[in-house]
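To keep things clear, I will list the structure first and then write my remarks on it.
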Amino acid sequence: MFDLAAQNLLSPAILFFALGLAAGLLRSDLSVPETAAKTLSLYLMLAIGFKGGVEAARAGLSADFATAAAAGVILSLAIPVIAFYALKTISTLDRPTAAATAAHYGSVSVVTFAAGSDFLRASGVDFGGYMVAVVALMETPAILVALMLAQGGTAKRQGMQGALLREVALNGSVVLLIGAFAIGAITGERGMQRLDLFVNPLFQGVLTLFLLDMGLVAARRLREARALTAPLVAFGLLMPLVSCACAVGISLALGVRQEDAAMLAILAASASYIAVPAAMRIALPQADPGVYLTLSLGITFPFNLTIGIPLYQAVTAMLLG
Amino acid sequence: MTPTTRKKLEIIIEAPLLGRVEALLGASGARGWSVFASLAGHSSHGDWRSDGLSDAQDKRLVIAVVSDAAAQAALEALTGFFQDYPGVVYVSDVTVLRGEKF
Amino acid sequence: MFDLAAQNLLSPAILFFALGLAAGLLRSDLSVPETAAKTLSLYLMLAIGFKGGVEAARAGLSADFATAAAAGVILSLAIPVIAFYALKTISTLDRPTAAATAAHYGSVSVVTFAAGSDFLRASGVDFGGYMVAVVALMETPAILVALMLAQGGTAKRQGMQGALLREVALNGSVVLLIGAFAIGAITGERGMQRLDLFVNPLFQGVLTLFLLDMGLVAARRLREARALTAPLVAFGLLMPLVSCACAVGISLALGVRQEDAAMLAILAASASYIAVPAAMRIALPQADPGVYLTLSLGITFPFNLTIGIPLYQAVTAMLLG
Amino acid sequence: MTPTTRKKLEIIIEAPLLGRVEALLGASGARGWSVFASLAGHSSHGDWRSDGLSDAQDKRLVIAVVSDAAAQAALEALTGFFQDYPGVVYVSDVTVLRGEKF
Amino acid sequence: MTPTTRKKLEIIIEAPLLGRVEALLGASGARGWSVFASLAGHSSHGDWRSDGLSDAQDKRLVIAVVSDAAAQAALEALTGFFQDYPGVVYVSDVTVLRGEKF
Amino acid sequence: MFDLAAQNLLSPAILFFALGLAAGLLRSDLSVPETAAKTLSLYLMLAIGFKGGVEAARAGLSADFATAAAAGVILSLAIPVIAFYALKTISTLDRPTAAATAAHYGSVSVVTFAAGSDFLRASGVDFGGYMVAVVALMETPAILVALMLAQGGTAKRQGMQGALLREVALNGSVVLLIGAFAIGAITGERGMQRLDLFVNPLFQGVLTLFLLDMGLVAARRLREARALTAPLVAFGLLMPLVSCACAVGISLALGVRQEDAAMLAILAASASYIAVPAAMRIALPQADPGVYLTLSLGITFPFNLTIGIPLYQAVTAMLLG
């Protein structure tokens, strides 16, 4: 277990993240063009979705999927509420910023899912391929909860809610994940034969390059973090543990397969940095992105990538094993 | 084609809000505009720089050469818009060929 | 045969095109950065050209190449004429727009060639590797025919013809296809050993990602298609069949190998969306790109990708088998 | 370096025609210019957006700060150009350092 | 929000020097600016075009809408800067909403 | 040997460079988006660094590394001096331009290293994986020498020296090369298992695409080379030979392994076109980039790629064999 955690820390992907983080903090001019980063993340979602679909087809539809999906949606509805009141209690954040931050923690991080998958597979925990669909299901509900927590806002923006709902529902990353999952499920083994190299051996390499960029971006966030107070940093480190605990609880309550519960804990603990921030700029523009992006990218993501993932796996193994 | 004077609006807004600003320009009677991507910037809200992870803080520059009437209407609409959203707008006079286009 | 057509419809590449099309029509914000799309299409041309060259070297120079090349050039000269008069008859398009549209149908689509290759190989039809060179030969002649059909234009643009001819002849996609073909032919097996993974197993994946983008672009075209009338849609669906018929006829007349004829029919039926549009903006600026790009990308490309390719193969098999 | 007034030309044209417009600027006596890519735009001819498939409809913004004489010459040349090709040009006054550069 | 007049600085410099120019703007009292990438350009020093190998000759356009005082200060600083480095700066008047922002 | 040199000339990578060069000289509109080129070069440095690190770990730390590193640093300090006085003697370049050009020849080209590796491996010369670290060590010292040669400059720029040193030391390409090397060394075989496909079979393909772009850029440089005089062209062709000679001499003096000496000669002969130009625009803005970029990219790089590499290998084999 500790050995695996150490191995995880010393995997190329995570070391390249550390390299990016270090380079960024030292103000090196190393940088990945933004269109490249965007393309890499499209690739990652395509590959993750497709692989999950193929695995799901292999296993066939199962009640386990329904259970995990239900647990995931409940978590993405409940976690923002907890996060919001936690923030209001421990920090002096204004209401919109607290709500927007809460939304990020209710939603999920696709790259954390990818890193978590590697770790769980390496630990012999084979969660269901359908967990990719659960990722997609968990991406957006938190946004709506956060809007309620922030109490709508001005009439002007009320008028926007319709447009906003459509934008959230059709968010590119959700559409691509779900679509690729469906295509994987439809084409199954036959499809995998054609895309095997693209989505499997190539994946690690692309993930590595992407993590290098995420390290650079996280470092920039941390460097420019003017709004980051001690309570907020504490939140960024402890909230994932709370989310993990919730995931374990719900998994026990609903009887989620232990393997799926491990991944569910990782997802619950992860925070969004793609879909949610854009939605928050539209829905809660008064909320300070310097807070939620710094916490999500600069604090929680590195924590999960290094310490969190092995920890959540150990916890679920202990409590549900 | 006698040169005529028109207003040039330059609007800097966040990428996720581009569609709303375009709608607002159209409603104000602007007949055309062009959109450009900004790489980075600075303001009282701090520095930002475009990264490919999320376009949440990316900025777009919208240039619209319009009639005085459209400029007036757009500025009024933008005044409300900028009460909710960050961004900048500034206006200047330009001389155009084919004034009827604008 | 129907089974193969169904399999074709259910291949990941085509399903990702459908996903892009659906996402675009639903106005999802899913999008592939334009520089990424441009890079992917450079890759596709490099890989297609190189593979064709290696195969051509394997087979050695043959009279079949000359025959197929002749047939291809004749088609790309004849089809625009047919297309032009068809458009003038059934539609109310102005002369320049009709001529520009005709040029697109006389030229070819490299991605349709790629999808067609997959389908033909899967159907056990092994056309000659030199067909890639035929693709390159068929890209530009139609442009010149269209210019004549549009009757030159003003003296001012007459003066531009010289520059235009150079631009058309040195069009990037043509140069890359021909160049990569030549390099493949020169380096042969030795070269293939070095690039095998890059041009073969990787190809399907890149094509898939590119087709996702093409679906998104096609959808945008269709959404913004103000100029699209019923006769034009009919043209976009029927013209490929006419072109296929011409290809079969000329193949019979010149004695093109049946396998090559199948590919020739696919090429004839395909419409350009890279080289020709740019040339038309220079040479026939009065022509409405809303017409020719929407027809080529929004109507004919999807039709060929899904129904056309298997159909043309069946037809050629029947008539030349 | 006493500030002096010059003309700023802004020309929006389709990417495939950039070379022709640059030639035309040079011939008009412009000593320098800068080219920028536009992401998207709108006009009476409809919306466009840059996709990587074909640059046929991509737009370029050319900014040229030039002398009044060069501006005059360029505008005349562009008047002819815009009879054949789509696009927009507008002019404004700018103050420059090192007026001799322009 | 009564419209007020401000100065718009447009500065074209080489990418490696962007940081220095931003520092100089901040020191001159500019409260905000936006950075754009140029694709290509021409000057007495010849043509350039952005290639991905080295950003040595890439150009950046910095747009800063500032108060007259900040404009004055920035122009003086830039005068020194442009004795060492290539580039261009030009200034024009713009009307802004929320003049207090600039 | 000649056979190998011929094979080298006829490798796909080099033929694609030639294709780009030809297309560029013919003013074809073929072009690789700049963000793509930047991303490809990040990939190349990541892969080169990582592979070198893994090999170095395999071999274990050796005194040979120290020797090669010392030789490399000495070369990157000495070559600029030679280059500078050579330029002052044979050309009429102003002092800053001569110094800036000298810096380029004292530094190294990562792509030349990659092409050189292929050639040496093919020739059965297995230099140490740690030579990648030597590449990184050789990138920047020349910049400092050139600054002294140009005699500091105005007080204003003196003030910048501090900032400049930081920028040079933290130059993105150096940080990435060193970082990837370290990660390769740390993760060793285990890491290589994960990235094998990404850094090995894929490498040739990406290098090929990158060389196509380098050919296009080199051609543009040559077309716009107004400042290029006969003496300068001669310098671009002869300076690499001088550098090679220096490398052989120092290798003999310090007792560098023959295999490493061959690579050292290639590195010494190579000229920078990434890290140094940017530093020179900051430190020596009066220097004319039309001179140093044209010489480095347009003359010396093609020479090394085609004739130089086999030549240096032959020379070192002869003199140190």
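Here are some notes:
Note that the chains are named A, B, C, D, E and F in the order they appear, and that numbering of residues resets to 1 at the start of each chain.
Here is the rule we use: contacts are C-beta pairs under 8 Å (C-beta built on N, C-alpha and C of every residue); 3 or more make two chains touch, one makes a residue touch a chain.
None of the values given here were measured: they were computed from a predicted structure.
Considering the contact criterion stated above, the chains in touch with chain D and with chain E alike are B. By count of C-beta pairs in contact, A-F exceeds the other of the chain pairs A-F and E-F.
At the interface between chain B and chain E, two copies of one sequence, fewer than half of the residue numbers in use are shared by both copies. Among the other chains, E has the CA centre that is most remote from the centre of chain C.
Chain centres here are Cα means. That of chain A falls 45 Å from that of chain D. Between chain B and chain C the centroid-to-centroid distance comes to 39 Å (mean Cα coordinates, whole Å).
The mean-CA centres of chain B and chain D are about 19 angstrom from one another, to the nearest whole unit. For chain A, the set of residues touching two or more other chains reads 32-36, 38-39, 197, 202. Touching of two or more other chains is recorded for residues 36-37, 92 of chain E. According to the touch criterion at the top of this document, the contacting chain pairs are A-B, A-C, A-F, B-D, B-E, C-D, C-F, D-E, E-F. Those residues of chain E that touch chain F in the shared complex are 14-17, 20, 45-47, 49-57, 80, 84-86. Against chain F, in their complex, chain C makes its touches with residues 35-36, 38-39, 42-43, 46, 50, 166-167, 170-173, 175-176, 179-180, 182-184, 186-187, 190-191, 194-199, 202. Of all residues in chain F, only 32-41, 154, 156-157, 160, 163, 213-214, 217, 220, 224, 226, 273-275, 277-282, 285-286, 289-290, 293, 297 touch chain E in the complex they form. By the touch criterion stated above, chain F contacts chain C in their complex at residues 7, 10-13, 15-16, 19, 22-23, 26-36, 197, 201-202, 204-206, 208-209, 212. Within the complex, the chain B residues that touch chain D are 1, 3, 6, 8, 22, 26, 31-37, 60, 63, 65, 92-98, 101.
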